[in-house]
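For reference, the structure I am asking about is given below.
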Amino acid sequence: MLIRLSYDIQFELPATVAMAAMLNVHPSRAADLLEPDVVLTEPWLDVTSYIDSFGNRCVRFVAPQGPLRLHGSTLLLDSGQPDEVNWGARERAVGDLPNECLSFLLNSRYCEVDRFSNIAVELFGEVPAGWGRVQAICNWVHNHVAFNYQHARPTKTALDVYTERVGVCRDFQHLAITFCRAMNIPARYATGYLGDFGVPVRLPMDFSAWFEVYLDNRWWAFDARNNVPRIGRILMATGRDASDVAVTTSFGQADLKYFFVQTEEENAGS
Amino acid sequence: MLIRLSYDIQFELPATVAMAAMLNVHPSRAADLLEPDVVLTEPWLDVTSYIDSFGNRCVRFVAPQGPLRLHGSTLLLDSGQPDEVNWGARERAVGDLPNECLSFLLNSRYCEVDRFSNIAVELFGEVPAGWGRVQAICNWVHNHVAFNYQHARPTKTALDVYTERVGVCRDFQHLAITFCRAMNIPARYATGYLGDFGVPVRLPMDFSAWFEVYLDNRWWAFDARNNVPRIGRILMATGRDASDVAVTTSFGQADLKYFFVQTEEENAGS
Amino acid sequence: MLIRLSYDIQFELPATVAMAAMLNVHPSRAADLLEPDVVLTEPWLDVTSYIDSFGNRCVRFVAPQGPLRLHGSTLLLDSGQPDEVNWGARERAVGDLPNECLSFLLNSRYCEVDRFSNIAVELFGEVPAGWGRVQAICNWVHNHVAFNYQHARPTKTALDVYTERVGVCRDFQHLAITFCRAMNIPARYATGYLGDFGVPVRLPMDFSAWFEVYLDNRWWAFDARNNVPRIGRILMATGRDASDVAVTTSFGQADLKYFFVQTEEENAGS
Amino acid sequence: MLIRLSYDIQFELPATVAMAAMLNVHPSRAADLLEPDVVLTEPWLDVTSYIDSFGNRCVRFVAPQGPLRLHGSTLLLDSGQPDEVNWGARERAVGDLPNECLSFLLNSRYCEVDRFSNIAVELFGEVPAGWGRVQAICNWVHNHVAFNYQHARPTKTALDVYTERVGVCRDFQHLAITFCRAMNIPARYATGYLGDFGVPVRLPMDFSAWFEVYLDNRWWAFDARNNVPRIGRILMATGRDASDVAVTTSFGQADLKYFFVQTEEENAGS
């Protein structure tokens, strides 16, 4: 299956500002790219590309006062298979986890693991360990939190989601991640493209958030917001929570004027 | 100047537990070590040593039920000079910072940069940029926060410190770090040994926290708690905040029974 | 000046629910009423009217499943004068305040006075006491907080307003009230009608929030949101904060479907 | 049973300060007093006594710089019976509650009812309504929160108690009160003397906190901290939470130097 990925994001900048962006496909998907994956800017800017400490491809640049457009389009080969499900995948004892998993058991800005240690055990301590426990966490979040764009706010933490029970896609994942970590299951935040292949209703697209959990000997995608296996999840970045993987970060004022993102199946013969 | 570093930390473990510890000297000081820097355990355990994503040396192990002792001693060559002071050091525009500095401008668990963006500008926006601004931040924190061990708590964030105005050494640094980041100055949390060389009153020792700021083209040590240049600051670990560099992290219950840490000058001839 | 006050509020109730409402004019304005001030319900309900512990007139009733309409209209005689301004009004020492003022110096749900004691003194400690200090507080809030309906949320406290710097009218007042109390100036939350008499741009109306401060020997109206004297402020209720004086409180689910409130000058001869 | 109530509280005041205190027995117990119940001050001060909006007897005064002592002793006739238990007491539908109960269903400073509406229903929604539900709430709090003086802090709210699971006596009651209100059961905070009559271990005394719940047609004492019926609970004050009924409130600095409170059975013949 060929998937065309496109985005077009436009800002108005009241003054020169430094920005960083995570608009590239994740290095783990680089081999699937059939076209270059370049972040284009208008006006043309000197864009530096680098890999951050989480292994994500990032760009950074300094943009002058005035309008700024970030856009790109690439073509990617995808299996076309839905998210893998493996009810046999087991939790690893913390002592058996790879070193690089340990930091995904700890607190982060939006995931106050230290405030959930008792709550998580009360809710999920009786559920058998492994894939089923992570799925139980996703089910709980999916069933107890309502989706509502009007209640989004950038400072909302897992604890806020747990008490307010309403949020957007990142909020669902933050709460599920925090529950996982409180149960000593490594969990990390993921962003990327999520098309609506095979989903009946088409929605206006945004980048999507999900999360990954380490079971057996690898990371697996879970999505407490949608909570069904989906086709066409294209990873862009992973981190401890949304704070690590903002699509764009501006170190100064940048007013968003236009936002478009799309994934579409492309006919191989076209 | 030769400094002997020693620690002895003892726990009682009600059950087998996985632990991680940052008890080694930072790799940047490895060349100054005159003796091996080994974390010893009683009972003997299979200890794995590794470097985390921040570049710190860590150990991890699984300890059985019962008493656990972590101890070590090493000898280190130190300049004996106080913390460097450089009033000429300049802030770098965000666009000129090295890639690896950018994440030290963002939110972290105990440093809610997003909630301080206005407060920081109101307090420090008029102070000329550079070393003097960081020093102004340290002065403010040092003068407005009272030290009190009885008001310590593990969930205290920079915002709590700003409203409660009392804390322990990590709390002072978290607030100062958050102010710096809100002013677009990269700041990271640091832990290590801090002796009392040249300080009149000797106190019972603990590991110490300070922070580092990126000015000109390097990181510099600042200490909002003590707020005077000190001799014998031996770095162990840096991270985004205390959550990244806990001396010990136990993934399960571990009851602290004894804690001893010491740095002493050792006579070269002895 | 004759002012006609009208409101029409409609809910859909999924089940029988008990409700309380503060839709009457405040008892202190009862003598100005030229028509009865009755809360009408559709369907007809057994409505109990009572005075709460703050001296506000309230109604309560139990409404059945289905649509619920609360409406009313009354005519009130008003001086037509703008809010009083008295730069000579003095703060009273706490020891000289009437007993009933003391509770308006304390913490309440949305006004965390205990977290602002230092911040308030730093911002307003140098301002001469009295009317000017309260005005300085209003100016600060007015100038540092942006009005935006999209950032409203029911759990937002004064500390949230102080860090986020955006809110709706109740948020402005909560922050100003908290600053006043932290300076030992009694301050209470007020709700009522606020017409746009003499204000150039007409906006769709809502009930309004302002606050009252005790200076000399009485309460005075201040409004950190609008921050200019206004004509036609008709008090409905006062309390410690918005939690005490909700226009409607439902002890169960009640989905708001329609909201209309209006104040209009009525020609005496009509 | 005759109970002698005594207290002796001493402050050092760096400057003249206004203070309020709730050191009298509650008016509902006035008929049981066998000796006058007077708050004595050293130095002698002009003390005003009044009843606050919750019906509590309060005193207020202005104290000069220097040492301040508040003390008193009185004798009270008590039934000597333990707290009443009535498993048949029923919850009242909100629509049937007396007017004055309604405000004890709402948010207050330390009781964020709005953040617990879902959590409370999840934990207690299946428990049959009435006395048993309140007792289930007390059991939950008693069993899930650990008592520890070292984790006390004045800003701790019900949500903090719920996540941290440790606190002092007021914290236990705040969480239980918040659960009750979230279930539409009126609950108010209570302070007073609680002797150790019939309790095996004698502890150094403090004033105690408990809470009251409205069932059937009256308020009943519950105590999520001790969670067993106790003898000799002598009410001093009730309010929405600890913020309303502080034993002493100083509107300026007052450093506590000594604190003593005692209740002892007095031999009628002595």
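Letters A, B, C and D mark the chains as written, and numbering starts fresh at 1 in each.
As a working rule, contacts are C-beta pairs under 8 Å (C-beta built on N, C-alpha and C of every residue); 3 or more make two chains touch, one makes a residue touch a chain.
Since the model is a prediction, treat every value here as computed from it, not as a measurement.
Engineer: Give me the chains shared as neighbours by chain A and chain C.
Structural biologist: Touching chain A and chain C alike, sorted by label: B, D.
Engineer: Let me check something: if the centre of a chain is the mean of its CA atoms, which chain is farthest from chain A?
Structural biologist: Between chain A and the rest, the longest centre separation is with D.
Engineer: Would you mind telling me which chain pair, C-D or B-C, is linked by more contacting C-beta pairs?
Structural biologist: Of the two interfaces, C-D and B-C, more C-beta pairs touch across C-D.
Engineer: If you average the CA atoms of chain C and of chain D, how far apart do the two points sit, in angstrom?
Structural biologist: 31
Engineer: In whole angstrom, what separates the CA-based centres of chain B and chain C?
Structural biologist: Chain centroid spacing, chain B to chain C, equals 48 Å.
Engineer: What positions in chain D touch 2 or more of the other chains?
Structural biologist: 112, 115, 155, 164
Engineer: Which chain C residues qualify as touching chain A in the complex?
Structural biologist: 150-151, 153, 155, 164
Engineer: Under the stated contact criterion, what part of chain A meets chain D in this complex?
Structural biologist: 112, 115-116, 118-119, 144, 159, 162-165
Engineer: Using the touch definition from the top, list the residues of chain C that touch chain D in their complex.
Structural biologist: 18, 20, 48, 50, 52-54, 58, 60-62, 93-95, 99-100, 102-103, 105-109, 112, 114-115, 154-155, 184, 243-244, 249, 251-252
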